[in-house]
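Reading through the structure tokens given below for one structure.
By written order: A, B, C and D. Residues from 1 in each chain.
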């Protein structure tokens, strides 16, 4: 079996990397890459280092919906319509946008806009394999997590499950690729270089997604989440400051080692991880520390925002949906 | 009057920049620069961009203590002895190390080592002009604050004074010059570039200094402080997450505007500041935000770690000690 | 006397820096900053680090031509018309564009487009003080040199005057601010970071400007000039490979030391200069080397492209035009 | 057959990357990694991103010479002795140092030091597969080329073979990993960041290696070669300025397309290549341009200095020596 896959929106950073991973994947056959800009250009002209010698096509559902699976790399709000169309055509869909991540359409509306396809939300599975492995395997629509929520949930899940999270502050730092390919004052080299600053304060849209998943794990309270832009291209580091709730928190490191003992893509380490340690990998690298003076637990979680934070996690999900080894094509 | 000044330890980043600022200062006369490495080299050979055409000399107290003022840029522990010698020779001293910052020798010993000159601690003034302007003017020994404490205290003082700090987490990010001139695996370009990570977790030595000064302002409880290294050369950004205590916190921005209305080197702004905004200045740039969902107050404070964080603040202090306009030579 | 100056096109990198330098200049009074984008915003909002608290205005010649001097920071082609209008109003003008740099309108047309105001070319003086100090002092229109030509001519003039240039290859490397403020794929952080490449090959528009000035100095032959983009914000390094013509080339270093002995803004050094050595200065730093094996002379010249390459050189020219000390406001 | 391989000197950048590639190679079995520093540490502790869970051992030839092949990643001068010992033990050796690259011991002595093992030079093959594929397959000692020579020879070979090189200037720009892992003032982040400069002027040691190989191809004259350090970690760009000799140079691009039509790791492209295009690949990407005004031919060649410039090229050579597909483990 060689399932055919198309990537829609392959001219952006996330879509292009997904195309690269699928183009070289031993099982899947990448049959089309579409885009809304750069139509007619070859992907290896736009992104030479990905070396995908395919031409970016204009979307034509008559032709392009004729695949086994699709990855939709459209902006929030624009993705839902295409996801619905593909779903109705029987295509298994991975949506990289936020459109199907929030289970409550009212919450989506509060943070984004009125949801364009609320009736389909219930059918989507949140695509974090470490939490929803079985559900993903059976899903027709997978809502690929945001990059910050991926690191946040992996970084906090063992504490949340143990009921140890009283309160949490997440200070996130991301490289510039997280801001997307759009050329703006904010992504201009001269703006970013030798600079760093917080943005989207105090209401970053990844906040409700993190809260939703922590609630599933038993920690049902608002969190403080702040994102910062730092001068590097790929990589994301989350520093999570947890005020412990009741529970026993004596040996938090053991909690993590046990929780992730069998996870191929989560590394629990002793020293605070650097983003370079996980660059161009599907790995989330975590360290956990107790500050005896304050009683606080500090967790660091590092990922590559374009890989585990987006594209390679999408492939990990595709592998699950088609019964392939979870790490195929991304190890 | 042209007070003479010497910089001891001028081959490091902080000492060299102090020498540059004093070499061009309209009032002071820089008469000597000493070093423990690079003796005999000209400072403008070691640091061409500072353009200080003076030769680095070996310390010779017989000659070098014959000045009106001295800046000591020695490592923690090594500074105290020289500070004492200069003090006994009647020289006004600014110490860039931590040796006289902590008022309690026991706290110093807990975080550093046994204090070499505990009897002199009481005579040192903590050199943050915005808090101790009058005391600095009369001081014979000024303990120049650490770079992180400078930004932390300026960023939190209005809240502390208003009794609004219930609990605080400080997430600090610094450029590499903060790690000093020493060439190590940690300061190698290839280690730092495209990387970021926390360090000195969970006991960074600037913690007690911040706690001491917050206590003076009325907030007497342990804080969580974590430092991160990011790939840029100069600049420091602190993100402070405050859980409010009682008090009224309705209009925190007004608190800041009022507190810093007359401060020439503190800017209260609306959007989160970037370190590029304050590069090569003596300015601390602050924004304060309330997260209505969590009730938390978030404060961002940006400085140049080598300028307001060290060298230009030392000159600001020298100006105060000699009755000069506070911003002379550093505006 | 306090001459009034306006900066037209102050929302770009070069215009904004010129405004900063003039705003703090002890002699000139900056009376207006205009822009074609960002009208109505304060300049210190667009560029906080320049700290110029003036509002960007829309151009209104009725008001804005009422100044003693003007700096025009418009794109090539768009500048000429404004320069003419200001000139007719009796304003001394410094044009940062290429529009009046080339003395031959046919050459301009070959490399740019038909010249919009050819009759005015003859009245413009090429604004490289080290070559045209006296002419600049008397000029009504000064064509501020391109950044690459500034470094190239300063780097090669001593050899050119000595008749030593048989053939020359110039390999230029520039930081991204040289590409301007426009947000494009080419200036996106993710494109530039960890990258470098040549551009405008083989016909970079600064080529004829360099050839023109070398011809004035006696070296009348085509040169090879190639520019490269490197991942830094400000700074420009030219590596010039000269095959000597007849002449004596035994002691080329002495030639340079003699040529620049009295120049306040040219440093002749022994080791190859780095751009960090001249960052945020009006200085060109040069080293010259003879490769005994090949007989070739290699010259390195480093400048800050926004300072000596543009804005501070404009102020240097203004100083000359108004009889002020050449380094006033830029040292 | 699973040939066993050891990497000697695996704590440096080149050795560690070679170990990573071999650890995951489908044919070879990496049996030992040795080092002179960091003995006893795991390689994935020193270089987490390489993920090689092997302990760095002290060299013990009794044990370590018992392999089918070895990669020696020692400094110049120190490598020869170990290469000889391994060779005598019957091990196929790839030497990453310069010790066996120059065929003439007198030239080696002129640029390095007296050669420690001159009698073995004749048995070494220069390890550039695109030039010596057959000889490498039969070699017992392969002298892996320097990073600059790799790009220079691939960039100039088609012109050299066609007799078109009259004179050549090579301006090389390299990322900091090319300077090695040693922590020095020169590799300190603060020295390199926002900086660039030429080094080893005018006698860079890669010069004779380039001249030797160009002579083999028919171009027997001294070249001008200059290296520059730029602020990025991996990547090397060579700009080659060729004054054509007699020959026909009308369609130089066709020369290149023909020369490299069958080379899997050389890409001939139209626009000047960027180093990002080849990052973490074994590919050399080349563009060639004619400047009609000067008649000069300009060639740009980009490689990853640690991959095609060192480690992946070593694996490419190992593949050839053991009859494996040339791109196995490095594509």
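Criterion: a contact is a pair of C-beta atoms (placed from the backbone, for glycine too) under 8 Å apart; a residue touches a chain by one contact, two chains touch by 3 or more.
Computed from a predicted model, the values in this text were never measured in an experiment.
K.L.:
Work out the mean Cα position per chain and let me know which chain is farthest from chain A.
P.N.:
C
K.L.:
When contacts are scored as defined above, which chain pair ends up with more C-beta pairs, B-C or B-D?
P.N.:
Of B-C and B-D, more C-beta pairs in contact link B-D.
K.L.:
Averaging over Cα atoms per chain, report the distance between chain A and chain B in Å.
P.N.:
So the centre of chain A lies 39 Å away from the centre of chain B.
K.L.:
Taking the mean of the CA coordinates per chain, how far is chain B from chain C in Å?
P.N.:
38
K.L.:
Report the inter-centroid distance (CA atoms only) between chain B and chain D in whole Å.
P.N.:
Going by mean C-alpha positions, chain B sits 46 Å from chain D.
K.L.:
Touching two or more other chains, which residues of chain A qualify?
P.N.:
191, 193-194, 231-233, 273-274, 276, 279
K.L.:
Taking the touch rule as given, give the residues of chain A at its contact with chain B in the complex, in rising order.
P.N.:
167, 169, 171, 173, 175, 191, 193-199, 201-203, 207, 222-224, 226, 228, 230-235, 237, 239, 241, 243, 272-276, 279, 287, 289-294, 296, 298, 300, 302
K.L.:
Considering the complex alone, what residue numbers of chain C touch chain B?
P.N.:
Answer in residue numbers: 48-49, 193-194, 269, 273-274, 276-281, 285.
K.L.:
Sort out for me which residues of chain A touch chain C in the complex.
P.N.:
Against chain C, the touching part of chain A is residues 13, 176-177, 181, 183-185, 187-194, 231-233.
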